Amino acid sequence: MSQGIVYVTRRERFNAAHKLWNPGWDDTKNLAVFGKCANPNWHGHNYELFVTVKGIPDPDTGYCIDLKVLSEIIEEKVISQMDHKNLNLDVPFMTGKLTSCENVAIAIWDQLAEGLKGQSCQLHAVKVYETENSIVEYFGGH
Amino acid sequence: MSQGIVYVTRRERFNAAHKLWNPGWDDTKNLAVFGKCANPNWHGHNYELFVTVKGIPDPDTGYCIDLKVLSEIIEEKVISQMDHKNLNLDVPFMTGKLTSCENVAIAIWDQLAEGLKGQSCQLHAVKVYETENSIVEYFGGH
Amino acid sequence: MSQGIVYVTRRERFNAAHKLWNPGWDDTKNLAVFGKCANPNWHGHNYELFVTVKGIPDPDTGYCIDLKVLSEIIEEKVISQMDHKNLNLDVPFMTGKLTSCENVAIAIWDQLAEGLKGQSCQLHAVKVYETENSIVEYFGGH
Amino acid sequence: MSQGIVYVTRRERFNAAHKLWNPGWDDTKNLAVFGKCANPNWHGHNYELFVTVKGIPDPDTGYCIDLKVLSEIIEEKVISQMDHKNLNLDVPFMTGKLTSCENVAIAIWDQLAEGLKGQSCQLHAVKVYETENSIVEYFGGH
Amino acid sequence: MSQGIVYVTRRERFNAAHKLWNPGWDDTKNLAVFGKCANPNWHGHNYELFVTVKGIPDPDTGYCIDLKVLSEIIEEKVISQMDHKNLNLDVPFMTGKLTSCENVAIAIWDQLAEGLKGQSCQLHAVKVYETENSIVEYFGGH
Amino acid sequence: MSQGIVYVTRRERFNAAHKLWNPGWDDTKNLAVFGKCANPNWHGHNYELFVTVKGIPDPDTGYCIDLKVLSEIIEEKVISQMDHKNLNLDVPFMTGKLTSCENVAIAIWDQLAEGLKGQSCQLHAVKVYETENSIVEYFGGH
């Protein structure tokens, strides 16, 4: 059997409200730039989240990571804090950030990089579907 | 060619914020009954809407209804009023109603029954996906 | 175990070219009524077909119908004649018919009603997806 | 607001092994009739289950049924007994039944009809996807 | 917040007719090589297109690119020229090219590389689904 | 037209039974580590397989590889050996391996690397969906 890095992905979902709003701008500019995404009373999405880790399968289990463990880490670090919440108001790790899908993906990456410390596999990618037509992927940074 | 009623369905989508909240109850009861769906700062969904009309195809066009026409009626009566809105605060035809998926489907039916007056086909069904796991269908009432 | 009618559905697919064009009208009227669907050089679709039959499961097999048999009937009566074809030019049972999705569904029904003669189950519904947003369903006529 | 019956559907999933095998037949006949579905060492599926109930929304909640309650009933009566099981060997309510998708749907109906007793809504439909191409729907019997 | 390249994807769709046909070959060879894809009267597909760009989110908007802008570029450079068209006959930028899904993806890349000039993000990938089973991805060349 | 590597993906499916079980461990440890995945009487899945090859399109056909050829190779090397089988008992190339999704993907890679010898394109990726929430991807090793 060939041996190489294996990539394992877990899908999770959360439903949240948000709006795109730059607090440094007045209402007119926010509405001009963000359009209907700046609706003052919020709108929302069914976010679909794909978390990918990479590693070498453990010979005793055949697992890179037990998906129950990965799912629990995602639950603790992301879903329990974002599901049925307002991303602008309720989520500590989004404070002070524009809730664009780009920033949501980066923030989830940072949460999971923290949550996966001590695991034998490494975080590889965070992919967030805001809608079926709008998708963001992040592979970490510095 | 056999002749019978044909059912034509158009899918549309809208993204909205809402919460489940009975104004006649205090916070404790709302949270007890609706759980995380009662989060005070809202949550939201990508709603998927399937509108079905029924009729006999016109021999000149082969259409029960021109789907461009159906799509425009749905846009005017539903999407333009619900997309990127707060269902509890921003939607005139939801005023005073609990925004359960059941009530959303009934309200959309009533909007479309109005919008389809004068068309040769009849409204048959409104199907609303709140999530991939939660679906409501309504066929009208009295 | 309760006993009642069971509905069994088989999904099949075909890819075809077509255009909407009423030969009794001139070009101007065809383009006015059918818009881009009347493009003279055709366009096309991945049609998705759901065929539903109904019956009582055979106590020896647990089947209303062997889905291999249903699939072969659909293949012979529909897919082999429509897949990778031009619905306006290549399909004998569409001759002289406008290739609206409504008429495609009716014509498929008629083909399958013929093909299912002698089976112990009955044709119940033909559902055709022209796109993910445009769907037609037919339950037969007279 | 119009008033009529509302249909509410919950999707659940379970992964199970099974084979099609009539114990009254010898191996040759089983393989002749059921083909690869009779593989002696089993095969399996990701079953997708759509349970539909119908009723009038409660004016205080907007719900026909709290989907958490419906989900718990499905979990207790179906998922906990079928998920990660062998449908032929491990599921008490399938004992002595051929595990065709037709019989799986009927057996799930009977389980849920029992489980929904005392609820204000009624069971309307059980829909089971054995694969993306093979679907069975049951509306009860006598 | 970590900082790195973010990948943003927009899904669009177009419905088109085509056939696989090498004008340097006679009919016999075309049919032998391309089979039913060489049907003289064309066939067609619902093409699904995923366009991915990469960049660093703008601190004022949280966007790599405003998806409305990306969508308009795709509309102008691709969809308006391919949707409801014949890829072999109607599309200037496909002239003289075999309309395999590989060539469709490359041609769309070239169109979008041109269309994205002057944007702060870069084209990363073009992914084209010809059917649910047949997918091509292109990341550019020289 | 730009020239670069093109990636072509074919989706195939197979339905199989399996269990996670380390023969070097006793029952208690297997159940403790693998939970319900260790159910002694097996469970199963609808596996979805995406095979990606890469290459330069042939100027005469526009193909990296004829997808009929790729599909036949996958059929011979993978589907015919895994579909409607028990992955632990019936599949020669899984003998002695834990049937985790990671190992299934690696084993399929090795089968296809063998099957694609002599083709002008190269195997790039094997992606296996065990469920809609659990996905493994492998790009080869040494």
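Remarks
By letter and in written order, the chains are A, B, C, D, E and F; residue numbering begins at 1 in each of them.
Throughout what follows, contacts are C-beta pairs under 8 Å (C-beta built on N, C-alpha and C of every residue); 3 or more make two chains touch, one makes a residue touch a chain.
Keep in mind the model is a prediction, meaning the values are calculated, not measured.
Among the remaining chains, none touches subunit D as well as subunit F.
To fit its Cα atoms onto subunit D, subunit B must turn through 120 degrees, a value rounded to the nearest 5. A centroid comparison over C-alpha atoms places E as the chain most distant from subunit D.
Using the mean of the Cα atoms as each chain's centre, the chain most removed from subunit F is B.
Separating the CA-averaged centres of subunit A and subunit F is a span of 28 Å. Here the CA centre of subunit D is 41 Å from the CA centre of subunit E. Within subunit D, the positions touching two or more other chains are listed as 132. Pairwise chain contacts in this structure: A-B, A-E, A-F, B-C, B-D, C-D, C-E, D-F, E-F. Of all residues in subunit A, those touching subunit E in their complex are 20, 22, 24, 33-35, 97-103, 105-107, 109-110, 113, 132-142. On the subunit E side of its complex with subunit C, the touching residues are 13, 15-18, 36-37, 39, 41-46, 83-86, 89-90, 131-132. For subunit A in complex with subunit F, the touching residues are 1-12, 50, 52, 57, 60-64, 67-68.
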